[in-house]
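Chain naming follows the written order as A, B, C and D, and within any one chain the residues start at number 1.
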Amino acid sequence: MRISTFREIRFHGRGGQGTVSAAALLALAAFEDHFESQAFPKFGSERRGAPVEAYVRISNTTIRAHNQVYTPDVVVIQDAGLLRSEPLLRGLRQGGLIVVNSEQEVDDVGNKNDHFRQVYLPASSIGERHLGRPLPNTVLLGALAAGTGWVSLIALEQAVTKHLSSKGEKMVTANIAALREGYGFVSSEKEPVS
Amino acid sequence: MKQLLEGSQAVAEAVRLCRPQVVAAYPITPQTHIIERLAQHVANGELAAEFINAESEFGAASIVLGAVTAGARAFTATASQGLLLMTEVLYNIAGLRLPVVMVCANRAVGAPINIFSDHQDSMSVRDAGWIQLYVESNQEAADSLIQAYRIAEACELPVMVCMDGFLLTHTFEPVALPTQAMVDDYLPAFQFARTLNPDRPMTLGGASEPDNFQEYRVDQHAAMENAQKVVETLDAEFAEQFGRRCGGLMQGYRLDDARTVLLGMGSLMGAVYDAVDQLRDQGQAAGALRLRCFRPFPAQALVQHLKDVQRIIVLEKALSPGAGGIVAAELRAALQQAGIMTPVESVIGGLGGRDLTPDVIEAVFQGIPDTEAGVTSRFAPDHITSASDEAERGEQSYG
Amino acid sequence: MDKRDPFRHNVLTSGHRACSGCGEAMAARMVTDLVGPDAIYVNATGCLQVFSSHNQQSAWQAPWVHSVFANAAAVASGVEAALRARGKETPVVVQAGDGGTFDIGLQCLSGMIERGHNVLFVCYDNEAYMNTGVQRSGSTPHAVRTSTSPPGLFSQGKQQLKKDVLSIMAAHHMPYAATATIAYFPDLKAKVEKAMGIRGPRFLQILSPCPLGWAHDSALSVTVARLAVETGLFPLVELEHGELTGVMRLAGQKPVDDYLRPQGRFKHLFTGKEGAVELRHIQALADARIRRYNLLEADTQWDTASALRCARHGRGGYVSSSLSVSQGVDNVL
Amino acid sequence: MSSKLEIAPGSSTAYHTGDWRTRQPVYQNKWPPCSQTCPASEDIQAWLALAAAQRWQAAWHKLTERNPFPATMGRICYHACESPCNRKHLDSAVNIHAMERYLGDRAIAQGWCHEVFDDTARSQRVAIVGAGPAGLSCAFQLVRRGYSVTLFDAQMVPGGTLHSAIPAYRLPRSILAGEIDAILALGVEFRPGTRVGKEISEGELRDQFDAIFLAIGTRRPREYPDKVTSHHSVMSGIGFLQSLNRGEPVKLPKQVAVVGGGNTAIDVARCVRRLGAEVTVICAQDPHGMQYRELGTEMPASSTEVSEAEAEGVHLRYRVGVSRLVRSGAHLSGVEIAHVDRVHDRYGHFNPNFFEGTEEFVPAGLVVFAIGQEADWQGLENLAQASEAEGVWVGGDAVSKSKLAATAVGDGYRAAMSIIASLKGEPFVFDAHKKTNITFRQMQLHYYPEEHRHEGELSKDRLAGFNEVVKGLPESDAQQEAKRCLSCGVCFECDNCWHFCPDAAVIKKEGGYRIDYDYCKGCGICAEECPCGHIDMESVV
């Protein structure tokens, strides 16, 4: 295989929760860190409240393929309620990482013997503290960066600054704060995977 | 300097840089993000253009027709059902030899209605007389859009830039955007000799009779044939100025000693290149040929590339019901015209947004059924039994 | 009757993919349950068509056909002609959004009316192209933000006015054309039942708020529709053969601010000077419509206060009287 | 084989959109403000709903579950329940007491009988001391549940203060008697003219009965202020009313002064007017008004009674007290009044502080001190100390702060339930007032039809005698008035949630609706548009 470092991440959320922009932000950050990156939503009409997915590819060689992600290395779950209805962990590689926005452990997230690494954090309440609304996506990005080490925190901050510049200074600083808290929450707990 | 842009945003920026004076917009998934971004630019004064919200695609095509006849560079974008609603006007624009540029975000054509990607829409209007360029990435989409204006205005023929809906329009990829100065240098201000003008009160689109109609078609066909050279030269000129190419009429990939070559169009080629690399690693002489310019159909150039190849496979995301593969048929005609009898295997897949993964492409090369259980990503139109019969017999049909 | 709810048909039943709080889904449920399952429904492309026939699953429990975006009225003309040829009396109802009525579908609609087909054309008006992500349509009101009429340095949202489609209908001198909304269900019920009793082409424009496009809280879809009427911005009127024959009198006129504030699509008007000008413009538009239809003094059957009244122990609904104690209209006090 | 081009009708129901929601609606009965305020904790919305459906007897049964005196209370209760009525934010409060009276009168007229819930005669025996509203209410609840009840009263006629002190123009004797008989008819053993500590001892009570309920009311008038040296031309308010009710002839001077700010003072004044004399009420508190309400210095009498009194020519003087009785010899010529700053001193004792220089003479041939009554525990010294654990319960005016008849009825009910629980050895929980309440902000008042408040007709010659001032409602008015009830927080099946659900997730069933949580997307429209605020939105974590 010519591709040496090649990562695939899948985001799960609900229509209106910023799932697609979370994927775009992560791809932007990888790009800032001089990786080749690609992000795209699960295609189709996005209904407010309906389950939504978005995908990211990060690689050190140009990404030519435009196919869907079937075997992600990381799954990010923005709304734990989705576990009730959607097969969120389909195709997750052995030893993959699951980042879940939830106060406490959720039992039906990958039963133990599939030995997925799991990270839980109350992203919505952290997001609410910083952004005034329970938006989990930037917090989860910080957690993902800390949990994998694939993109640096500074790159994520640059991506947020660029992507949200049109939304005003206050939004940018608030999102960066949320990002950092998500990062800190995970990095203090676990050392990043290779 | 590269930035990460959604395909629609990259194209919208390219359109802005070409300084269109009239933009006709009508929403249809998956191209809507393009006209939304242009609307924002106009509203913020970043694009000095008249932004017209048409009442339908039939209206939008008519608006850009009118705009060009009155001497303004124009732009519109559509897809699938919308493109077909424009059909009557598409023929009209080509017949009037108007340099209109449009983006078609390729999407399946109903019924049954489907918003996902395949090439059925632009393929269905291949005889309307428009130059059709099929791009494989967001970078090429932006660059081809800029080239399209040069091509259209040089040949006085309309150009349709075809990019895959969702697969490109909604995917974020690194894209380098040129500066306004560079584009102004490459694309001079809009000039159209037959602009409607009270000082030269000419009549456009008048009636024609049996004794003078055919010549119009001969000229039109000649202009289309000539456009092949224009597409190549303007791509070369673009490369000189911007440091990257779009591939002109077509682009080979590891063709040098290839025994088996897969020909295709659009963003599916990324997976083809990965499959070729996999096969090469296994010692197989595989290669790929990406066709960029489908209309005018570059017969000679195709023959040049394929005359020594043992096995040719054409993978298409569109179908002419009752006839089969479209590009395949035209390639067979070209080869046969050049006395080359190599059989052309026609494979059709990826219809209505079905995913053509590298494994499926590799199976196409190997001529074995798809590996994914249950989901047949492709079929051979020449030996076909109905899908429902298929389901009953549970058999795979493959090339 | 519907197997889950014996008191009604549920012609548009549960499981459809409309956004939470969708005004169009509500309006379509009301109209199709009033008309009933023994009718043929012809839909134009749009939100209703997409969310009700998604993923090889249908939320319809009546014969339903969708062709393309622009031709619903023409398809319906064909359906009606065929039924006439085969001696059948099944009612034919077209359902389209505002895009499919005001813009891309207007030509076929006009043809259908001019030819006098016995068809009820229902337009669920949510005032923009919502299925493709909130783009401006002919029906989008003045100064509204959409993705193709964004506010910017040089504009405050849509510059043009909302197309007065009812006057276009009136110009056809058609048997019946009326406006209604989900907030006044008894009024809507009365108008659908009246329309179903008339032969020939009939038109109903039903204001159907969209929480996504209008950017109001999903719980306020009915409240916002009510405020649209109470401020005079969306008059409830009836036209027969081009003449004004019915008006919903306003019990009192509310300022347009009450209607605009809960909606994000007007938010940009509440900051800055230019926005204030547009707010005064919208109020002036409301006043003009009140004068035009004499909404404050018209002596009519009911007004915006009495038309809202709920019946106690209301067994109102669409079902044949055998099951229900009283009917919607007359049990309104 | 149906072609794939045809999709099966209603097949969308296979997809449960319920998973989309992050909040969900719940049908939840609330406890309306009227019931929240009513001391007898009547379920007013319930019986008004039955009345609105013209199911008069069912309404009466529902009402009398908590209050066996609708005809009486409909007349004399100060209807605290009407002030928080949410309807006043639409037009005006529901005339609850008129409806209560209507049902009570109809019951008497048509001779309806109370149901007996449990007629298996139980062995336990309960003694109730005092046949006033508290005692009768407790007896009523116990006897209809099979307990044997013996009701003692020192007086010969049951009814307590209702009988002895409420003037006839407010409460005709026949009405009270009708309702009392309906209770006694259930098998209560009534022993009139029996005073504990005289005809029967505390010990005998202890031995013969398993539980005792003391409801002796407040028979004894409070002591006159020490400045009253001679009792000539001086009476207590309760004394005046009792002698009137006993039918004794009362000869009045041309002018009378009544001291006191409570309902008894007003009753006395309005009776004096009916006996043809002038009357001035000398009240130490302030008149009714928001500013005084905040300070808590308003006169305790009900505002409707005060306005009726003024309409009948009663003169009222506020913030004044009697500083001296003016006599010439034994003859009383009047009273000297003065501005009073505060009535009770720091320790709460009655010690009015008058402002010098504000004295004024009010001519009066008789002064009636209506300054409150006290309980007369004489003869019940040790029973009064016993606790409920020791089998002795207390209730009614004797212990309540508000001294209202409704409170007495409520105490009677609560005591009965507590006695039953203790006799059964079960824990007793009384949560009448802890349910979730409902304000007009959670309601959509514009969904209710406007309808004026129906009032009983006022009799023309109201001062001519002691017949009723306010007449009862006719049946048609009663039904209209019952329909004015907004049914706060309790579903009245108006179909709004059912019509407005975009997902057909509200299913209609007999007697109401249910949410189909397979499909509810939690938009909140049903909760928003429910006229009576019956639907709450809960978050779904």
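Everything that follows uses one rule, which is that contacts are C-beta pairs under 8 Å (C-beta built on N, C-alpha and C of every residue); 3 or more make two chains touch, one makes a residue touch a chain.
Remember, it's a predicted structure, so these values are computed and weren't measured experimentally.
*Asks:* What are the mutual neighbours of subunit A and subunit C in this structure?
*Replies:* B, D
*Asks:* So which chain is the furthest away from subunit A, centre to centre on CA atoms?
*Replies:* Checked the centroid distances; the maximum from subunit A is D.
*Asks:* Would you indicate which pair of chains has the most C-beta pairs in contact?
*Replies:* C-D
*Asks:* Using CA atoms only, can you tell me which chain is the most central one in this structure?
*Replies:* The most central chain here turns out to be C.
*Asks:* Go ahead and note the Å separation of the Cα centroids belonging to subunit C and subunit D.
*Replies:* Distance between chain centres, rounded to whole Å: 51 Å.
*Asks:* So what's the Cα centroid distance for subunit A and subunit B, whole Å?
*Replies:* 34
*Asks:* Using mean CA coordinates as chain centres, what's the subunit B-subunit D distance in Å?
*Replies:* For subunit B versus subunit D, the centre distance works out to 84 Å.
*Asks:* Where the centres are mean C-alpha positions, what is the separation of subunit B from subunit C, in Å?
*Replies:* The computed centroid separation for subunit B versus subunit C comes out at 40 Å.
*Asks:* Residues touching two or more other chains, restricted to subunit D: which are they?
*Replies:* Residue numbers touching two or more other chains: 4, 16-17, 20-21, 521-522.
*Asks:* Enumerate the residues of subunit A that touch no fewer than two other chains.
*Replies:* 45, 49-50
*Asks:* Which positions in subunit B are in touch with at least two other chains?
*Replies:* 29, 111
*Asks:* Subunit D touches which residues of subunit A in the complex?
*Replies:* Against subunit D, the touching part of subunit A is residues 14, 49-51, 79, 81-82, 84-86.
*Asks:* Mind pulling up the subunit B residues that touch subunit A in the complex?
*Replies:* 2-4, 6, 29-30, 115-117, 137, 164, 166-168, 170-174, 267-271, 273-274, 277, 281, 353, 355-358
*Asks:* Which of the residues in subunit B come into contact with subunit C in the complex?
*Replies:* Going through subunit B, the ones touching subunit C are 25-29, 32, 35-36, 39-40, 42-45, 51, 53, 55-58, 81, 85, 110-111, 113.
*Asks:* Touching residues of subunit D toward subunit C in the complex: what are they?
*Replies:* Answer in residue numbers: 4, 7-17, 20-21, 52-53, 446-450, 483, 487, 492-496, 498-505, 507-508, 516, 518-519, 521-525, 527-529, 531, 537.
*Asks:* Along subunit A, where are the residues that touch subunit B in the complex?
*Replies:* 2, 23-24, 27-28, 31, 36-41, 43-45, 63-68, 70
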